[in-house]
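Here the structure comes first, spelled out in structure tokens, and everything after it is commentary.
Chain lettering (A, B, C and D) follows the sequence in which the chains are written, and residue indices restart at 1 in each chain.
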């Protein structure tokens, strides 16, 4: 499905450089753990600074990490001179964000030229290393070319 | 629309106490600026720790603040012994998160007994005090009663 | 909000002609009752051919009419040579689709050049003429120019 | 993931009976082609009565069939005395609804006691029998017990 598309040979660098510029990923402690064409994974340890009123990971943190994973999955399939913008996303919260650490995977479902549809899944990993899916996202991403404020 | 519902006379306290327990709202610098039955407003200054790769507010921060605004709007209409859980939400990003400060409003559109549908809007305020809408949210909230880990 | 945009003086005709070509609107009995720049209304009588298993209007019919209302609201603000495509939408079902007739309103919330964000509301009207909101939609529409299979 | 749940041994009958009561599925020509616990498939031939202005399947028809597939996937995992209600859904339209016939699959992603999260995919099949994915849905379903107007 992601076959017929030319992948920029430099996509790894572009994704890593752009991710490094997302200060909010640093704020929540998220690291890039996997970068392949059309698929990105992030990981993040639990931190009490990221919680909602019941002590679980705030849904907004889950969304932020999923949005970044989906956005960079899209960027990895875009031409070298393009930037990515999130048009919209939807998140379903399946289980409380309770765990030692969290994994966020974003994948391109439909790599259109202008519009890319992506899907993400978030997992909580407990003390025994067991992972449970806690959220899903569908996000619509847009390729932006030639707008100075939006590159990578 | 929100008429036929008994409002817990103590709703202000419950919302403020619950909000104070959301450590992530402190992390992003959001404050509760308006609490009325079925309607909540939050405000937050810009901070570079909250940005994406182009220097704008990260979509995940916008989502987090809108989710909290919508969730507390729902909680304000729930019975005294209930807690609120986000089932899902959808965000549309209308304009870059560029501004001096940001306002997030959440409102209950349909106050069902178990399921409450809420809508949120986010605004960026520039140096001249002009506000521009930057995002909309629709969020589905659920009333939880008698589950120990979910109160308020 | 819809101010700074030039409206094609011929927008009424374009919307009515395009609506007339949507055979599915005829199949469900929907008529165009209001056409203004950025705002469209449709109406439809109840019919048992449109029901789900409990005898109410099927959620898919509600979505179809809201999608058309939102899509034509977007088309009304597009240049004369443009066509409209739905990228995605989200529907919240607030109450059963029970009524004598139904009203669907679509409005442009953000009229971007390429991407237009629209919001829709559906109402059921009972035998006494009382209207109750039964669903809300947020839909993302795209302007298509120069693709032969997509005009109007 | 769908393991730990007791499946009503009579689920096949309940799904088929309930589907047969959805008159709108008859109106659009959809048939139930696969019923297993947590997974449903529908099929439908192309018909010009189901089209939008460019002659493709109307997005509302795609939504209706996906909503039914997802709803019955949820119902198949519910207790014998329960009915299913759609709370909300989101659809992404990936490609024009152009084909000889269409396949709609709904699957339960998270089978909660009250809330079930489902995902759907729609495919267009061309004259050579090649299938292409044209839409995805995420839908939130609710188990209803003891409300007379909502059974099955």
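Quick notes
In this section, a contact is a pair of C-beta atoms (placed from the backbone, for glycine too) under 8 Å apart; a residue touches a chain by one contact, two chains touch by 3 or more.
Source: prediction; values computed, not measured.
By number of C-beta pairs in contact, A-D leads when A-D and B-D are compared.
Each chain's centre was taken as the mean of its CA atoms, and the one lying most distant from subunit C is A. Annotation: the subunit A:subunit B pair of sequence copies touches via predominantly the same residues, more than half of the used numbers being shared. Subunit A and subunit B have Cα centroids separated by 23 Å. Each chain gets a centre from the mean of its Cα atoms; for subunit A and subunit D, those two points are 28 Å apart. Centre-to-centre, using mean CA coordinates, subunit B is 32 Å away from subunit D.
Annotation for subunit C: residues touching 2 or more other chains are 87-88, 90, 92, 117, 138, 140.
Subunit B makes touch with subunit D in their complex at residues 87-88, 90, 114-115, 117, 138, 140, 142. By the touch criterion stated above, subunit B contacts subunit C in their complex at residues 1, 90, 92, 94-95, 109-110, 112, 117, 119, 133, 136, 138, 140. Of all the residues in subunit B, the ones that touch subunit A in their complex are 18-19, 21-24, 26-27, 48-54, 58-61, 63-65, 67-68, 83, 85-93, 96, 149-152.
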